[in-house]
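Once you scroll down, you'll see the structures, which are given as structure tokens.
Shared chain: subunit A. Partners: subunit B in the first complex, subunit C in the second.
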Partner chain A sequence: MFYQTKFRSITLIAALIFLASYASFGSYFAREIVVEIIILAILAISLDLCAGFGGMVSLCHGAIMGVAAYAFAIMSAKLGWPLFPSALIGLLAAVVVSGLVGWVTARTNGIFFIMATLAFGQMAYTFFFKSRWLGGDDGMGGISRFDLSAIGLEMNNSLTFTYLGLGVLLLAYGLTAMVMRSGFGRTLSGIHVNEDRMKALGVNTAAHRAKAMAFSGFIAGLAGLIAAQHTLYISPELLIWTTSGEALIVVILGGLGTLVGPVIGAILLVLMKHEISDYTDYWHAFIGLVLIFTVLAGGRGVFGQIEYWLNSLRSRHHDPDNHQTAGKPQGGDHA
Partner chain B sequence: MDLSFWILQFLNAMQYSMLLFLLSIGLTVIFGLLHFVNLAHASLYMMGAYIGISVAALTGSFWAAFFLAPVIVTLIGAMLYFTLIDRMRTAGPMNQVLVTFGLIFIFLDLVRMGWGDIALGLDGPQSLSGTTRFLGVDYPAYRLFIIALGLGVMTTMWFILSRTQIGAMIRASVENTDMAAAMGINVSTLFFLVFCFGCALAGLAGVAAAPILSATTTMGITILIPTLIVVVIGGLGSLEGAIAGSIIIGFMETFGAVMIPSFSAVLTYVLLAVVLIWRPQGLIPARG
Partner chain C sequence: MLEVKGLSKDFGGLHVIRDLSLSVTAGERRVILGPNGAGKTTLFHLLAGTLKPSKGEIFLDGQPIKAFDAVKRARLGIARSYQKNNLFETLTIRENLMLAAAAALGKSTHMVKDSSRHPDIRQRIDEIAEQVSLADQLDQTVGTASYGNRRQLEVGLALATRPKLLLMDEPTSGVGPTMIDRFHRLLEQLPRDITVLIIEHDMDLAFGVADRITVLNFGEKVFEGTPEDTRGNATVRDIYLGTGGYHA
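Our next item is the complex of A and B:
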């Protein structure tokens, strides 16, 4: 179950302040990195909602993000719709696709769920890859950014765009945290821990999981909109399964089922990638080693591990009998 | 399009199916027995191709590469088994996917460090260089050799699994590991042997594919998805499933590309989705 603890709030605010100052004091290139972090963090939050709380390890979240980006680009660049309605269509497309995938796969578990989402994701990827109308593997351009000059924001300024992106990240986090704290989120965690018991309580677990996927698709869609607006160009690369794999790495690196963890994980992964690629071409191997180490070290992730230490420290202080159950990462044991 | 065109396509489909079979059989038996999802299986296939190229360059003989590459890949697999695979067996599918995803990254960079980013070719054996007249068409002898190799492995596997004692032990362990252990089968040794055998087949597939496809750093990740689809469609852990799955996918991709080029790539995923919804245990599931 999710609790918005003080430690989580502080970490999140610190992370946002770090990103904002990194963008404001850094060069244009630093802002590019921050936007990359924002996109990956939102996608990872969306995946954490499914994998961390619902136990649904999805390998199609990159594809859902890409569907939103493509739907937005098709409406605005191909059909000439205004930008805001196009963005809404983009989000709607992500919600519908994600909900459908969730509905169809609601009865599969474990490795079968992973494979099924992989299949649906690759199906979408192949569709856009092969579609001549949408530029195929060359991708499509002609996308424009929102015109917010009415409220005095110049979106083509990279700093303004980055700040706005941080705002969307905060929004995505806030929405997800709110939903996870509601009865809906509690029920989802309940299904993850013991689906039969939730069924016995009268919950339509399949429908609930599908709804969770649909909501998660909405969050992933936000990432897709930023991705499309950021480079003003989209390609099928967004949808390929390794994008989803990268999001999964971010979630596990930061801390599964913590929502703050994915933000921390995204910062770590992107910065590592850029720092290491300055020295060597072989950053993939490094990420692979970090990933294996994270899983072998207990799979709590960087943020999750720190939280675990803090919690066991605190409970040893207050209640010496109860310290072994404290700080158990939500959902991490059943994934 | 006359008959010879279709025979040609049939042989192409057979050859692709056999390649998929060599990879998927290892993956599926490892899953059936160890309940381990090894995404890095395709990386071992890639290692097989590159190691084969190096061995062939050193010895000047394709056959030396053909026999040595699987052995070396098996040694790599055994190393993986003792460092990672064995302790990840009970860690749940998500952790297994993550760890083997990490292995894919590591193998990718190992190959780039060792052999570079350029695609490398491997010359097939001299004796199989030309074309042969087969079923009324001229077909490359080496590709016929791959078909024969796949059919040979298939028959051997079938024989081992259904007619020998070790086969009975494997089947018993797939069905119920605890009971098999209680009956005196050394399950952990069996796990290790089966894992090594799967790695050897992956290496064999790699070195066998190198003369046709040439070795690239993306070859593992390219074949991984069709292989996983074969395994899931056929039914995790089952030999018959892997046979049926590889033939279905091999023929669907080959004939799909000829007959409905714009739709063929999506077709496989549609099939997988349909199977997962209607028969999540696969077409011919292993018992247990």
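Our next item is the complex of A and C:
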């Protein structure tokens, strides 16, 4: 179960300050990296909601993000709608598609859920890849940037854009954290742990899971909107299953079921990628090693492991005789 | 309150429940007795909606509920505690009760407020913890809790929904005499607006709490009556003590 502990709040704020400083003191390229981190972090938060709390390891989250980006681009660039309503349609499309996937897969678990979401994701990918009207594999340009000059923000300024992206990341985290500690979120954890008992308590677990997927789609949609606004160009690459796979790596690297972990994981993954690729083309191998180490070390992820150590220390300190509960993460392990 | 008419359940050629009729009045404590394999747990599955009957009808307060699934029946006020612990193992006892309380109070779909801080939910957790004697163990993870505590929580989860009809499947299975006494007191203190069906093997407990006793054997009702009548009944004695049957 999720608890917004002090340690999590502090870590999140520290991460945001780090990203803001990295962007403001760094070059244009540094800001590109930060935006890449923001998109990946939001997508990973959205996936953590499903996988970490609901036990629904989805391989279609990239596709859901892509659906939002495409819907937004279609409305604004193809149909000439204003940007704001187009963005709402983009989010709505992500919610509907994600909710539908959740509804259809609500009675599947484990490997079958993974395969079903993979299939849905690849269907969406193929659809956009083949669609001539939407540019097919060439992707789709002609998207215009939000004009926020009315409130004094110049969106074409890369630093302003990055700061705004950080704001959206905070929003995505805040919304997800709020929902995860609500009755809805805790019940989702309960369904993950023991679905039968949850039914016996009168909870319609299938509908609950579908709603969780729909909400997760909303968060993934935010990532899609930033992606479309960032490059003003989108391609089917967004929807391909490896995008979802990368988000899953980020969640596991940072800490499944922690919400802060995905943010840390995204920072680590993207920075490692850029730093190491300066020296070698085999940066994938290095990230692979880090991931294997993370999984073998207990599977708690970098953030999750640190949190685990801190909780162990704290409970030993408070209650030296009680070894039984020592090390129980107070803020929900995987559930 | 609960009316069962001509209920049957077959698994292939195996007749687990045969033409069973029951009538339980509101507030009654009904004990279901019977040797292993008599169909007691299957009866609970049929009442809770986790199994579909092959034949027959079930009425709750006059309403036919046979077509309803387990979720809908739970919402109508049927709660169940299990013979084998069926808990949220990786969560704490408090979190277990929190889930049950949130579901019962209609908060399990609320997306804004922190349910662990909700006053109604907290109050319900405290009440139930008091009732099932778990107030001092609330922050223990279920997976590391003692067997006795887990049995108590099993009943606590069912009670936390404030059911109209409580189905308790061997709440004292595997626990010692102290715990059995505690369950006895718990049952006596339960408000009379809860109707209780209880499968129980501890005879002192069964005879102590029952208003009426129904005895099943091979899926059929072989006897029904007050505890006094049951004690003196020859059929029941045969099933329990002799003639090649099981000893419970």
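The rule is short, and it goes like this: the second predicted complex is superposed on the first by the 319 of 335 C-alpha atoms of A that agree within 3 Å, B and C clash if a C-alpha of one lies under 4 Å from a C-alpha of the other, contacts with A are read in each partner's own complex, and residues count from 1 in each chain.
Simple rule for what comes next: a contact is a pair of C-beta atoms (placed from the backbone, for glycine too) under 8 Å apart; a residue touches a chain by one contact, two chains touch by 3 or more.
What you see is a predicted model; the values in this text were computed from it and never measured.
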| item | value |
| --- | --- |
| Side-by-side fit of subunit B and subunit C on subunit A, or clash | fit |
| Which superposed partner A:R197 touches (first subunit B, second subunit C, both, neither) | second |
| Partner chain(s) touched by A:A69 [first = subunit B, second = subunit C, both, neither] | neither |
| Touched partner set for A:H284, first subunit B, second subunit C, both or neither | first |
| First (subunit B), second (subunit C), both or neither touched by A:M1 | second |
| Contacts of A:A227 with subunit B and subunit C, given as first, second, both or neither | neither |
| Which of subunit B and subunit C A:A23 touches, first, second, both or neither | neither |
| Closest Cα approach, subunit C to subunit B, once both complexes are overlaid on chain A (Å) | 16 |
| Doubly contacted subunit A residues - partners subunit C and subunit B | 334-335 |
| Residue ranges of subunit A in contact with subunit B within the complex | 51, 57, 104-105, 107-108, 110-112, 114-116, 118-120, 122-123, 126-127, 129-130, 241-242, 245, 248-249, 252, 281-282, 284-285, 287-292, 295-296, 299, 334-335 |
| Subunit C residues touching subunit A - in the complex, by the definition given at the top | 48, 50, 70-71, 74-75, 79-80, 86-91, 95, 98-100, 102-104, 107-116, 118, 121, 139-141, 144, 157, 161 |
| Touching residues (chain side subunit A, partner subunit C) in the complex | 1, 3, 178-179, 181-187, 189-190, 193-194, 196-205, 208, 211, 215, 324-325, 328, 333-335 |
| Residues of subunit B defined as touching subunit A within the complex | 31, 37, 84, 87-88, 91-95, 97-99, 101-106, 108-110, 112-113, 221, 225, 228-229, 232, 236, 262, 265-266, 269-270, 272-273, 276-277, 280 |
